[in-house]
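Structures given as structure tokens follow.
First chain A sits with chain B, and in the next complex the same chain sits with chain C.
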Partner chain A sequence: MRLTIDNHTLRGCDGESVLQCALRHNIRVPHLCTHPSLPAFGACRMCVVEIDGMRGFPASCATPAAEGMVVRTDTAALRDLRRSILELILIEHPSACLLCDKQVLCEELRPHAAKAGRTTGCHTCNNKDVCEVRDLARDLHISALPVPPVYRDLPLERSDPFIDRDLNLCILCGRCVRICKAQHGRSTIDFIGRGSHTHIGEAFGRSLTEAGCRFCGSCIDVCPTGSLADRYAKWYGAASRFTATTCILCDAACAVTVHASAQRRAVMAHGINTRVPICVLGRFAIPEFLNGAGRLKAPQVRIGDRLREVAWPQALAAVAERLTPFVGNAFALVCDSTSTLEDRHVFQRFTREVMQSPHYVEIQPDEHGVSRSGLPGGVRAALLTGDFVDLERVQALELLIVQDCYATPASECATVVLPAAVLAEVGGTWVDGESRMRPLRRACDPPGVAKPDWQIVCELAVAMAAAGFAYESAAAVAAEIGVGNAALRIKRADTPLAASDPTNRRTHFRGHCLAEKVGGLRQLPATASSALAAVGG
Partner chain B sequence: MISLEQAYTAARERWQALRTSPVPIFFVGAATCGRAAGAGETIERLRAEIQTRGLQAQVIETGCLGPCALEPLIIVHKPDTVRTCFAKVGPGEAVQILERHVLGNDPCGEWAVSRVGPDGWDAVSILAHEPMMRGQVRRVLANCGVISPEDIDHYLARDGYRGFQQALSIGPDAIVDAVKRAGLRGRGGAGFPTWRKWEACRQTPADQRYLICNADEGDPGAFMDRSLIEGDPHAVLEGMLIAALALGASRGFIYCRAEYPLAIVRLQVAIRQAQALGLLGDNILGSGFSFEVSIKKGAGAFVCGEETALIASIEGRRPMPQPRPPFPAVSGLWGKPTIIQNVETLANLPLILRHGPEWYTELGSGTSRGTKTFSLAGKVKRTGLIEVPMGITLRQIVEEIGGGGIDGKAIKAVQTGGPSGGCIPAAKFDLPADYESLVAAGSIMGSGGMVVLDEDTCVVDLARYFMSFTQSESCGKCPPCRVGTRAMLFLLERIVAGKGTADDLQRLDNLAQTVARGSLCGLGQTAPNPVLTTLRYFQHEYEEHIDKQQCTAFVCRSLIRHHIDPERCPGCTACVKVCPTAAIDGVRGAPHVINPEMCSQCGSCLSVCPPIHAAVYRTSGDLTRYEPRSEKRKSGAAAQDLESAACD
Partner chain C sequence: MFEICAKREVAPNVHELVIRAPAIARKARPGQFAILMVDDKSERVPYTLCDWDREAGTITLVVQEVGQSSRKLVLLKAGDHVAHLAGPLGVPLEIEAFGTVALAAGCYGIGAILNIARAMKAAGNRVLSIVEADSHYLHYYRAELAAVSDELIQTTTDGSQGAKGHSADVIKHKLERGEQLHRVIAVGCPFMMMLTGNATKPFGVKTLAALNPIMLDGTGMCGACRVTVSSQTQFACVDGPYFDAHEIDWAELFDRKAAYSDEEIQAVARTEAVAARQQPQQRRPA
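Coming up: the complex of A and B.
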């Protein structure tokens, strides 16, 4: 089908809207309520166009492209209308900064938003760096409003986990309502009230948690303003690095994009496929877990009766020296199968070849991610890569090396503690619940001098004068084991179980209770509480 | 089940028996309007009285006869006497009529409005000579106030469902052709040709089609659809049957506002009766055509009158309009082709089928054919439900049928089409009431609300009222409507508060253009009409508010100042006693003075100042107004007006 947009004759696709066709051909048409992952809504009226033979100013997002259509997207009348409509939108949105005559100077001096309890303008808005309303206001040269703006003066909503909601900034584009409906088939949130009392909310004044929100965070991802915000990420500003990797917090292995700050710390993660929601863990747990205050940042060696931070060479030398007497059956290495293939290969080689022990213990976590194990009889020295073994058994060991991401009661009585990089901090290959290879890519830096597991163990082997452990990278390890192609799980049609029922989510990672590290999870209902009780969590 | 023809025979016999009834019958107009005026108590009292006295008499509830100003209206059948119509009959009057007229020989002239001539006893013929009735042609409303809406026999006796039988015999194509030749246009507001909408629906291949009757009458001051359903529910059902047959729809919904409980009850009764006679259900009258109707109650949102919002509401979603295309005729309720017609449009269908399109097009002008019902309300002498041929002038409606202003006040304008319509000034009253002329004047026909404004109505205040209505009824989806109406309301409130600035009118006009051109649905697109038309015809009033701080109609409180004329005030202290803000100083015997700092302009002093003194006067801008206090109208005065007019 051929149609004419702004004097260009273009080829249109079946089922495409005029707006989609224009955007596909790089014709810029302002739009706000339209979102690539959502059906047309026609609410914001910014994408109005003139079409020959059609009355008035149809919204191009909701008008199907048709053969022979003649469309104009940029006439004086349209510019005026769009500007007037955006002025109306800005009446209900704290827009003082957009209209301020000191705006240029102010933004030069204060390029990033100042952290504030309540957002009263762009200068205190967490969304400042990525705001679509700001961009439009600039494009359309908004300089004054026809009547004074109205601040709704609604209370900030912060009682739900993970999501901050400030409806005073909301422009009622309905993206959040629609994405929730599209992804979960239910109206957890919807428009409420009419006229100037219209707002987004849950039925009967409930909270998100009470209304059965799954906390997939999709609403935050599509919100064009700062109205919906990720409580953890909101003040980091625009991320500077975006890396597609795999979430390994459960077997579903969803592909996620991890946002990293300029300091290369994880800020936020969200699903890559915007049509299928991911679960609360993939959306909210990764950065908070990685940036937790209790993360192990440097190697520690017990000197006297205290663990003291030392440099890697000293730590590795200490481990090598103390492990040597235990070569043979007295040594065990315990890990769980959430480690990457590369890690596990190196663990196994180290146990068998360097320590000459048969006791390589790889735990299969249960459905909640809980990994518990005992130690084989006769074991007097162990290297634990997580919180897997009961404290009494650990205390009975003669030598305990802990190589982990968080301190635990067990690590408190270890001889040496080695800090490990995890999740989005490491690259490698992972096997999901369907036994498919999934790639892990390093999206951010680990805290302090923490290193990937395979690297620590390899360096340890080298320190113990073992040959064949001088891998250049995880890829070299992968090449040795002959790992095949690993592809991100992007085109999934099904929703991960935990995303459709958050009470089914995993509660543990590497033996650590996630809720202890990620505050918001404590507020979520969990049927898995019995599992927590079973392990004394 | 008895056959339909047997039912017709029985119905005619019953109807005839009513005409020649040997016992007295009280026909009481008991639609919502009548009940609001007290018809409920009148009926109760009559029934109680008949029972305690052990009389042989009947009380029959009918729909609305039209003249609201005369409610409660009753028509009394007394054997061997001319039937008489009585106005403003409360319970006390009813008992007196029973005693003096029915049992005695006193015609009760103080309440009697009109008498039944020898030619017939239909209410229309009784009242036909009245000025309010003279200009009307009651076709759609022919049964309203005449038959019992809860008795299908009454409807059948007056050729009910004959139009549907005719439709069955000619088939869908011929129905559409008849509707096309009759030039029927939607009575809900926009006046879209009905047949064209039907054609779009018929041409869309589908396994299921729906027909929806839009009875979500939401315009302030409009009550035509309610009265029609309450007075003649079977006409609506018959219209639905005809439309459904033409469209091939097997399922119908009546979307009726929950604020119309009586209309809903009467529809439910009518549906049950039609089902019992085999006029609804499977294989109707052996024709193979099946049709079922259910009632969906609306929860009171003005926007539900918009087709896509109404569909969303029936589907159980939030009623927010959707952009078109697709049009509901192609993809509507649950994605199926759906036709939505207004109550009055549907009630026109039986007439077209029964009498033929030629008869139908006899009335009307240009492309507006047939009749149109209006609810005449506001500052007019004879308010009520009327039906007139399309194309008669506004002057005929307001002056002749409505009787002009109350107490001889000058009519300033008429507001048609509710919040989506506009104000048409008295200077343009020679405009014919048809779709095109009203649009050209900046208003719309709308569903038929007609609010008359007189010199005591401030058009700026009126525009403010309508804007506050649309503002609070906006669904909130698109910013031009949600925020634009709010911004316009802000400016209007500023103007009526006397704080308007010189460029506010330009601002108001700009905003109106944005709202009209940018809004998603009809509600928003037409919302500025009241402002645009008043700006167009009454710009001087806006300017007076802004420049001179003057409200000529003495409505905008912020622009009015109360004063006491020291030469007239004898110092009776009546005003001093009622003043809620203690703003009036004065001792008995000395002229009182209003302290302007403390006065809230509530007008209490004005209302208590004895008419012989009339010392309180008001000023607004350059105007000064001494209020000649209108004498309290005696009860029955309106009836006497009508009666005297009828005797002319």
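Coming up: the complex of A and C.
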């Protein structure tokens, strides 16, 4: 089909709206309630256009493109109309900063928003850097409001896990309601009340948790204002790096985009496929787990009765020296299958070739992510890459090396502790629940001087004068194993189990209880396994 | 431990706390501040003494939630206690009969000028309280300030109440019209105080600004609150908080205040959900 938009003759696609057709051809039409992953709604009226032969100003998002249509998107009448519509929206949205004559100087001297409770303007808004309302107000040169603004004076809602809501900023575009319905079939939230009292909320005044929210965070991702916010990420502002990688917190291996701050710290993660939700772990747990205060940041060696931080060469020399007497059956290396293929390959080679031991123990986590194992009989020295072995057995060892991301009771009694990079801090290849290869890409820096597992063990092997461990990168290890093509799992027909019911989420990663590291998880309804534990099952 | 006797949200995100602290109330003088620790592990934060009642033994603070420490503080309720309060600190403001005194204030400063206006008026000055806010619903203390000022002028950034603009615009306009201001005192965020100083400088009107750098001990020992005034290093805690607004190195103050912005964000990021019953009580719509 052919149609004319702003004097350009364009080819339209079947089923496409006038707005979609215009945007596809780089014709900018202001729009607000429309979102690429949602069907048209026609709520905000920002995308009004003029179409020959049609009365009034149809909303281009809800008007199907048709053969021979003649559309105008930028006339004086449309600009006036859009400005009036946006003014009406801004009357109910804290907008003083957009009307301020000191904006330029203010932005220059205090570019970051103050970390306020309730937001009263752009300078106290978590969404300041990426706000769609703000962008539109600037595009349309709004400098005054026709009548004084109205502040709804609603309380800041911050009693649910992970999500803060300041509905005083809400413009009722309904994206959150629609994405919830589109992704889950049934929306937890909806428009409540009528007229000027309309707000987004749950039925019967319940909280998100009580209303059965799945905490997939998709509502936050589509919100054009600062109304819905990720409590952890909200004050970091616009991220400076976006990396597509695989979430390895469960076997579903969802493709996620990890946002990193200017300091290269993980700030937020969200699903790549906007049609299927991801689970609470993928959406909210990754940054908080990675940035936890208890992360191991530097190698430590026991000197006297205390662990002391040392530089990598000293730590590796200490491990090499102490491990040498245990070459043979007395040594075991324990990891679980949340390690990358590259890590596990190096672990195996190290155990067999350098330590000449058959005791390479690779645990398969159970459905809750719990990895526990004993140690083979006769083992007197072990390298543990997570919290896998009972403390009593660990204490009975003559030599314990812990290579992990968090301090544990076991690491407290280790001879040497080596800090490992994990999750979005490492690149490599991972095998998901369907035995497919999934890529991991480094999205952020590890804390302190922590390094990827394969690298630590390779450097250790070199320190023990072993040959063939001088890999340049994880990719070099992958090439040796002959890893084929790994592709992100973006398309999927089904919703991951934990994304449709958070009680199916995993509780552990690498032997660590996730709820101990990620505050919001403690507030969520119990998982099946913890419910069982509570009744002594 | 110091008991919070009363607490209310006077404007969105602006909280008024009345705290029992008889020793501070007995000695407090206009322009001074107190350092508060919410709990025994909390940061030490300076807050301006907005008002005090020597008989009741209470002080009044106006606190905006803008980070982890103020967040903890505003989540407390009447009847709760704060761990520690040290004060009064800082050099009291010079109170004399100057003639006409303009008090420019924004944000928490609107609360902070209450006692200054009262003292300046009692000393025989004509007191103009010029208060700014982003919008009409962010103004507070109207009646309180009107009672102790000869004139209360309100401005809003969006023009929804009073003049459109900032208090600096009002002061500039007055000076341009030839009105005599003998002293200007600015209390608010550094940005607002800087604008006020810039407005009065061409007219040579003595202007004081209450500086609020990051502060630790408050007694001149640590030097965290250093500011540069007239090319000299000064400590805001013992040499201030009031300094000549025309001589302050504002750029350095902005830089120093932002020194820990990444750590501040991390501290807030790790906060957990607030129990529903712990939410600050709601301000009633006017």
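Methods note: the second predicted complex is superposed on the first by the 527 of 537 C-alpha atoms of A that agree within 3 Å, B and C clash if a C-alpha of one lies under 4 Å from a C-alpha of the other, contacts with A are read in each partner's own complex, and residues count from 1 in each chain.
The rule is short, and it goes like this: a residue touches a chain if its C-beta (ideal position, glycine included) is under 8 Å from a C-beta of that chain, and two chains touch if they have at least 3 such contacts.
Keep in mind that what you see is a predicted model, and the values were worked out from it rather than measured.
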Original post:
Which partner does A:Ala59 reach: the first (chain B), the second (chain C), both, or neither?
Top reply: first
**OP:** Identify the partner contact of A:Tyr151: answer first if only chain B is touched, second if only chain C is, both if each is, neither if none is.
**Re:** second
Original post:
Which of the two, chain B or chain C, is in touch with more residues of chain A?
Top reply: C
Subject >> First (chain B), second (chain C), both or neither touched by A:Val258 >> reply: neither
**OP:** For A:Gly520, select first, second, both or neither according to whether it touches chain B, chain C, the two together, or no partner.
**Re:** second
Original post:
Of the two partner chains, chain B (first) and chain C (second), which one does A:Val346 touch, if any: first, second, both, or neither?
Top reply: neither
Original post:
Which partner does A:Ala424 contact after superposing on A: first (chain B), second (chain C), both, neither?
Top reply: neither
**OP:** Mind sorting out which residues of chain A both chain B and chain C touch, each in its own complex?
**Re:** 148
Original post:
Across the complex, what residues on chain A touch chain C?
Top reply: 94-97, 99-102, 105-106, 109-110, 112, 114-121, 124, 144-145, 148-149, 151, 153, 155-156, 158-162, 168, 207, 231-236, 261, 263, 288, 291, 293, 519-520, 522-523
**OP:** Note which residues of chain A are touching chain B in the complex, please.
**Re:** 40, 42-45, 48, 56-59, 62-64, 81, 84-85, 88-89, 91-92, 146-148, 150, 171-172, 174, 190-191, 193-198
**OP:** Would you tell me which residues of chain C are touching chain A in their complex?
**Re:** 12-13, 64-68, 71, 74, 134-138, 156-161, 164-166, 191, 194-195, 254, 258, 261-262, 264-266, 268-276, 279-280, 282-283, 285
Original post:
In the complex of these two chains, what residues of chain B are touching chain A?
Top reply: 301, 303, 318, 320, 322-323, 325, 471-480, 482-487, 490-491, 507, 510-511, 513-514, 517-520, 525
